[in-house]
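Could you have a look at this structure, given as structure tokens, before my questions?
For reference, chains read A, B, C and D in written order, and residue numbers begin at 1 within each chain.
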Amino acid sequence: MSRITNMSYGKTSVPVMKVVRKEPAHEVWEFVVDVTAESPELERSYTEADNSPIVTTDTMKNLVNYLSFSHDFTSLEDLALDICRSLQKRYDHLQKWTVQIEGAGWERLAPGGAVHSISFARTGPEVSFTTAVVDGTKSSLRSGIRDLLVLKTTNSAFSDFFRDEFTTLPETRDRMLATSITAEWKVPPSEIDHAGINHSIREAILRVFSELKSESVQHLAYETASAVLESIEEVEEISLRLPNKHYFLVDLSPFGVDNRDTLYLPTTAPHGDIYLKLTR
Amino acid sequence: MSRITNMSYGKTSVPVMKVVRKEPAHEVWEFVVDVTAESPELERSYTEADNSPIVTTDTMKNLVNYLSFSHDFTSLEDLALDICRSLQKRYDHLQKWTVQIEGAGWERLAPGGAVHSISFARTGPEVSFTTAVVDGTKSSLRSGIRDLLVLKTTNSAFSDFFRDEFTTLPETRDRMLATSITAEWKVPPSEIDHAGINHSIREAILRVFSELKSESVQHLAYETASAVLESIEEVEEISLRLPNKHYFLVDLSPFGVDNRDTLYLPTTAPHGDIYLKLTR
Amino acid sequence: MSRITNMSYGKTSVPVMKVVRKEPAHEVWEFVVDVTAESPELERSYTEADNSPIVTTDTMKNLVNYLSFSHDFTSLEDLALDICRSLQKRYDHLQKWTVQIEGAGWERLAPGGAVHSISFARTGPEVSFTTAVVDGTKSSLRSGIRDLLVLKTTNSAFSDFFRDEFTTLPETRDRMLATSITAEWKVPPSEIDHAGINHSIREAILRVFSELKSESVQHLAYETASAVLESIEEVEEISLRLPNKHYFLVDLSPFGVDNRDTLYLPTTAPHGDIYLKLTR
Amino acid sequence: MSRITNMSYGKTSVPVMKVVRKEPAHEVWEFVVDVTAESPELERSYTEADNSPIVTTDTMKNLVNYLSFSHDFTSLEDLALDICRSLQKRYDHLQKWTVQIEGAGWERLAPGGAVHSISFARTGPEVSFTTAVVDGTKSSLRSGIRDLLVLKTTNSAFSDFFRDEFTTLPETRDRMLATSITAEWKVPPSEIDHAGINHSIREAILRVFSELKSESVQHLAYETASAVLESIEEVEEISLRLPNKHYFLVDLSPFGVDNRDTLYLPTTAPHGDIYLKLTR
């Protein structure tokens, strides 16, 4: 006899643009929403082709649109929590709901230095996201960023590592360090100042990246996570994924040139990948 | 005081092409390998900038290349298990190793019907993958496929679902059904006939997709998973992720035409997403 | 005084799925259409904000849908020509129309060897395309393929090339050769057997790729183009773009292994790029 | 008898990172280079498998690296011209060379407002590019930007266009306008202040986008191109490609809500596409 050990369903990638036509300047919120429902009540939809417990994913999309319109939110965190709780309240035969929102950055255009009230340019490649979960009477909230590409041209070392006959990597006390930061942090699922907290976390991450004399990406990850926990009290936990995007010195010696720390070959794959989760 | 609740590192996306120059026809194996190590021994590399336990990810890459060359493997499953066990044996201060391999499909060219011995064409978009894990004395193996895009033009219904005032989706007894199958199955971590098992599972999945009169994607997922568990005894567990890639009928009535089940608008986002894990 | 030296507009990427519900088996046609209009009549829409000559791109999309539905086409070439001519006839103040169609491949599922009548799997990564142009009383038609990835494990050399002090590439009489074929051919803009012609061209391309002992990608390009012109009389001209997707031998000598033509590093960038257009 | 009507070859996507370790702050230049050679001398490499005129694409890559290292350039335009002329001078049996460079944007990190001297974040999605061509004694230079995504929430209309029975688009005097700007301009192939010119052009483009009350994308394209030609005298010609990235109002009336210019569905395909080239 087989048994279901996991089941869920939902709507993925509902795209939304909201324009708030305020004075003196319009605001735009563009984001993509994923909704997922989980409940033992759904089992008969799988095993007996009984669709009666299924809230259609099209209905989920309708509610995402309706709530995005009617809720005068000031952060995607507030909206994600609202959608989550509205879904659970309305469809109370389904106990657990997860709502993830990814935001697209738009900044005001300022040609000639004058900030414009109705025109915007897309920023990137960095993406912000937030995930709200309600499960019965419990709820949680995590927010984060991904695709924040950064590099430093010095103040990064990697030496004194484990060696054996398969180790050909030379030690270095000075290398380029480049990574694409993914960070996710857990904060209280309430209407605190999410925009402010997110900004402070991002600043702390970039400050450690800029200032640390790093001995390894592991070292950087730990010092970064520690600095966030120390400086922003609302953060209960933070995880970091830091790929090591290698830049290799190009050998120009066949052409009579000594390429000392100047010309590098950017690479994508393969790359190192370092992960850490730190909890208060 | 903070504490580390999760840490891992490794090499991602090591690309490999192996040519086996056999008679009467060459074989090619192209794949990409991810290696991940986990161990409490790594903690001091994060917290104390002590790199002594770090096997460099470059060394991991070297071993992937060396083993891919020297192992006369007949499936990516065998290679993944071999890499995993070799890493653990060689670097026994690190207890848990995960090796994931994704294969790229190449099929022999047969211009004019004659199968050629040294030329190949890439197949796609379907991708095969396998993940071996060794953790102390335990080991496990999961294999799967993703991006297997399939559609059926009829024999799919969706009706009698939950309705409220946010439900605008009409019921239907006959619709297009398109999905991009991701399936992952657990099999014994040993040198059984992986190629044969994988083939049988894929055939079972496609047979149910083709033949079932589906009442929902949930129904399809359950019948598919059940058929795999019933027909291939080595499979201990299978999960399926089935996005519902909507094709919407185009309204041609403004142009005096009754578009009855003929012309559809293919869409990508948003889409439904149905998940199931079934265990023996 | 400035002057307009080029102007055009149109609708890009109109997605269409057409299901032909025939007995004994359904047919599916999935494709994406680009429409472009050019005419001196459009100048005032640019310079005087006079929209009266503008056929909206939304209208172009409506006509693409309408004609895709109502035309019982047997090739995308026939459909492209039909859309082009219909647009020009209907909107005769705009003299030049270009319609490009890219097809998505779907093949019938055959689980257990039995070909199924209503279920399909997507093929790839190869893409077929066709471009019809009507300009006043003239018309033309080009068809082609792209992203046809092929490789051969031997019978490819590259030697006796120009050398100077910046040349570090060794000569070789035996190397891997991999490319992603883009080919485009000109054929009469009429209802000839396009499917048959396209098939014959594709077979000729793959035959030369498989059989030629190639001295360079340039050599391969010329022999391929020549073979197509020689064997398919409807082809008036053919162009080939052949990137040289390098596979580099991995140096395993640090590990005591002689990697003779077995293990390669697949690369994407940088790559060589060879282009040829051959006219009858 | 067939004849070659076009032939070229080269190296595509040579990635380069150059770090200039200046005081008080380091500079980084990351870019990708494409090199293409054309010459009647190449014909025998195609037709006779005679490789003697072929400068290998690997050699081209070596020269790109060498010149990127040794040239103390201050713009990618200067570097592109230098590479082009060096190639033509060194390999004078090949008369025409094209060098395209695409730059990746990196801006200094400034955590807490303090600009940092050795750390950087990637900007995007906008990309800058430049294309230098030397052909015998003639040379030319074009620069540009692509993927500059912008939107305006009002001051865009589209009405009084051509209508027939296939036109279902309503007229509007106020709509969202979003586009992804591609612009390319021709400037003298000399060491003028390319960075300054490029900046002025970009500002002019964004100023017109922000301030114009647009009657159509065609209107916007013309006013933008005219403003550039009027205000920056070095520009000899400019082309603009402006996709019309549609945002559609979401119908919330089934849920009792009047969505007046607030909630939109972002779309990608299909989209309008407007092109203009304006010459002084």
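Keep in mind that, in the parts below, contacts are C-beta pairs under 8 Å (C-beta built on N, C-alpha and C of every residue); 3 or more make two chains touch, one makes a residue touch a chain.
This is a predicted model, so every value here is computed, not measured.
Two chain pairs, C-D and A-C, are weighed by contacting C-beta pairs, with C-D ahead.
Ranked by separation of Cα centres from chain C, the top chain is A. A separation of 29 Å divides the Cα centre of chain A from that of chain D. Here the spacing of chain C and chain D, counted between their Cα centres, is 24 Å. As a whole-number value, the distance joining the C-alpha centres of chain A and chain C reads 38 Å.
For chain D, residues that reach two or more other chains under the stated contact definition are 15, 62, 66, 166, 168, 254-255. In terms of inter-chain touching, the protein chains here all touch one another pairwise. On the chain C side of its complex with chain D, the touching residues are 2-15, 32, 34, 36, 42, 45-47, 49-59, 61-63, 66, 90-91, 158-162, 164, 166-169, 215-219, 221-222, 225-226, 229, 237, 239, 243-244, 268-280.
Contact residues of chain A toward chain D in the complex are 15-21, 26, 28, 30, 62, 65-66, 68-70, 106, 109, 111-112, 116, 118-126, 148-155, 176, 203-204, 206-207, 209-211, 247, 250, 252, 254-255, 257, 259, 261-267.
The part of chain D that touches chain B in the complex is made up of residues 165-166, 168, 254-255.
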